[in-house]
Amino acid sequence: MTTTPSDQMRAEHRLSMDELAAVIACDIPAGAFVNLGIGQPTKIADHLPADSGVVLHTENGMLNMGPKAEGDAVDPDLTNAGKVPVTELPGAAYFHHADSFAMMRGGHLDVCVLGAYQVAFDGDLANWHTGEPNAIPAVGGAMDLAIGAKDVYVMMTLFTRSGEPKLVPQCTYPLTGVGCVSRVYTDCGVFDVGPDGVRIRETYGVSAPELAERLGITLS
Amino acid sequence: MTTTPSDQMRAEHRLSMDELAAVIACDIPAGAFVNLGIGQPTKIADHLPADSGVVLHTENGMLNMGPKAEGDAVDPDLTNAGKVPVTELPGAAYFHHADSFAMMRGGHLDVCVLGAYQVAFDGDLANWHTGEPNAIPAVGGAMDLAIGAKDVYVMMTLFTRSGEPKLVPQCTYPLTGVGCVSRVYTDCGVFDVGPDGVRIRETYGVSAPELAERLGITLS
Amino acid sequence: MSRAEIVESADAAVAGIEDGSTVLVGGFGLAGMPFDLIDALIRQGAKDLTIVSNNAGNGEVGLAALLAAGRVRKVLCSFPRQADSWVFDGLYREGKIELEVVPQGNLAERMRAAGAGIGAFYCPTAVGTPLAEGKEEREIDGRKYLLEYPIRGDYALIGAHVADALGNLVYRKTARNFGPVMATAATTTIVQVDQVVEPGTLDPEAVVTPPSTSTGSSR
Amino acid sequence: MSRAEIVESADAAVAGIEDGSTVLVGGFGLAGMPFDLIDALIRQGAKDLTIVSNNAGNGEVGLAALLAAGRVRKVLCSFPRQADSWVFDGLYREGKIELEVVPQGNLAERMRAAGAGIGAFYCPTAVGTPLAEGKEEREIDGRKYLLEYPIRGDYALIGAHVADALGNLVYRKTARNFGPVMATAATTTIVQVDQVVEPGTLDPEAVVTPPSTSTGSSR
């Protein structure tokens, strides 16, 4: 952990994905049951305080998942959703896929954090398909997670490499879920989204008015 | 066990319920997964050959249920569907109620044997409610079993105490299941029932024509 | 800290149950019945309850005592009528309690649906019987089914054998019955166990109810 | 004797699989993937198969090799596209294989429905997305759901850790994944295990797949 929450709150620069992971880790309530999506969200686990009591769920059938396995601890029968070898913590439990997704859909997870191509101001999520005609579709557990957890957070860069905003009035990419995202964490700022529209919570390395103008957000 | 199957096949008298249980036990295929309903059908377990390999299912969450528990073997946490203490056999497995009934409905049981108030020639079953206006309805697992097992057998006396047939052209009691019974074992004879109507397989202490006339069955 | 909370008395465990709650009560006959929690609920006094359980009480204890105390408005169960269900029988005949009879497998599957986020499901049980009345029927692949809706609880009171401090549960023999399903279907699950152990004591392969689905635990 | 049959070779285990079968294949990535059975299926030669599995093959082995051998007409899976799914990618781009993408939880729940005798169920996943196309939508208690139908297999090929001679199965860690669900959804389940033990060896409380739902077992 290279930064502390108080550092980040004052950040006057765009956050790195590691710094952003630390910000999200601080916002996850102690004792929460949490699913971290494949890719960047996985980093959040490294920033959870040791005494947080956060219980990690992995869609492939486990609660109380521990950190990535190294060396002799690598076991091909024990991986996370990204197929990376992981470890188990005391109090772990294994279950089959139907039970694992029942747990999701049934509202038994407090938070899941997903990556995204686009998030709409009203909470629509697009993170499974670029919509390109020759792309091979692959959804995995994204749609199940999107509608399952009590709170769905997105972790992403705010702009594409070519500078297009990924937080948008309406998604142009195929949807993963409708109105399912409640908060969007990005390198440039944190946003609440949902039925009441978008609200800037904090910004990094950019002022709120400047960000609002660039994204087409009305500041209230 | 007081009689052997070959004795019963030749029986020139109405069978006792114990003798009938022995007849049914002989008809259950080796290695079958079987649920025996509350009441008379429970007796069938006592007549299964030791090497039959029949696996007993109890709706309250167990496979490979053993005989009734006696003395020190009584454990209040281990009962059959009739709440009678039972034992476990090697290779037993416990599961919860949703899994137990999924096993039934999903067609994973080969045979179940139920008691009945009435069975219709087409296989309709009435075994849960007398239809009397002030009777308190109680269905338990009867409707689930009726539609779940691959073969549903009924074990009953053929006539009520007042002499009314219980194998009837149409049930007058409230139904448990529609067209679900394939065979009816009674003290007076064994019948196939189903979409093609009723057929007498064998009789005990009465001739087939005599029985057919009394029940209103057309002999083919 | 995880959300599971270990409390030392059954009275503390049930203290929050409000009048008018729907309470899922585990057990099949006596096996798995959380007697201490039911006794505590009687002392606690919550009334106008809807009880979901396989049976409707035996003798004068447990659910029968709760019913006798006049706290229950309605019972959903598969098998109310038993040799020793005189308390329920009397209240029912006097019109003092409502009854919804649900086939045992549907009772389990409807609670499973509640816990699994399923909106409704088509089930072949009870087609063509009096219990099909008022239910939508649909033919799928040549077979008839009835549309069944989830049964959710505000609380579940269940018995288990051992809990760890995180809320993982294992059960004992056929006392498992409805417990694991009810634990998923209730907003708050209160568990009566024989023993509480440290996390890491239970075999992770043998845990039946993982903690995310149960939020309370009681000795 | 019980219906479970112990055979000494994977080839004998898969001998009966017919052309045109729907085969459920366990595993999530490599964990729980029944490689010996898939290799045997390739040797056996059955073609025109529909494969239901979470992924559509990795590298050149297992499902990827089955696909490369031209035996598969259609794949139902949640996540075909991976860094090393070039075999599937090539066949798909050439129009030589059909694909039905199913959200991972729906894949599991639709097989669970097949094994549990559920005719169909309303599921909130994928509402409002392209994967909702052609599916019946229904609002229940203010929330939208899609009607999902069971996925049945003629065969399931799964990996487990230990079987007893009756067919009880236990799994190991996250290699459990789809195995227990597939075992309920197939007419015949063929299991690759590390070890076969005598009945009575496995803890009855820890059995994950009881034998009534699986009819074949293979070392």
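Per-chain residue numbering starts at 1, and chain names A, B, C and D are given in the order in which the chains are listed.
Criterion: a contact is a pair of C-beta atoms (placed from the backbone, for glycine too) under 8 Å apart; a residue touches a chain by one contact, two chains touch by 3 or more.
Everything quoted here is computed from the prediction, not taken from an experiment.
Identification of common neighbours of chain A and chain D yields C. The minimum number of touch steps separating chain A from chain B is 2. Each of B-D and B-C has its own count of C-beta contacts, and the greater count is at B-C.
The geometric centre of chain A is 35 Å away from that of chain C, both derived from CA atoms. Chain centres here are Cα means. That of chain B falls 29 Å from that of chain C.
Each chain gets one centre point, the mean of its Cα atoms, and the points for chain C and chain D are 33 Å apart.
With touch defined as above, residues shared between interfaces to two or more other chains in chain D number as follows: 109, 112, 116-118, 123-124, 171-173, 204-205, 208. Within chain A, contacts with two or more other chains are made by residues 88, 94-95, 101-102, 104-105, 148.
Contacts between chains form some other arrangement here, matching none of path, ring, star or all-to-all. The complete set of chain-chain contacts reads A-C, A-D, B-C, B-D, C-D. Against chain C, in their complex, chain B makes its touches with residues 58-62, 75-79, 83, 88, 94-98, 100-102, 104-105, 124, 129, 134-144, 147-148, 174-178. Interface residues of chain A, counted against chain C in their complex, comprise 30-33, 53, 55, 57, 63-64, 88-95, 101-109, 148.
Residues 1-3, 112, 114-118, 164-166, 168, 184, 198-200, 202, 204-205, 207, 210-213 of chain D are the ones touching chain B in the complex.
On the chain D side of its complex with chain A, the touching residues are 28-32, 78-82, 88-89, 92-93, 99, 101-109, 111-112, 123-131, 171-181, 208. Those residues of chain D that touch chain C in the complex are listed here as 109, 113, 116-124, 138, 140-141, 143, 145, 149, 170-173, 203-206, 208.
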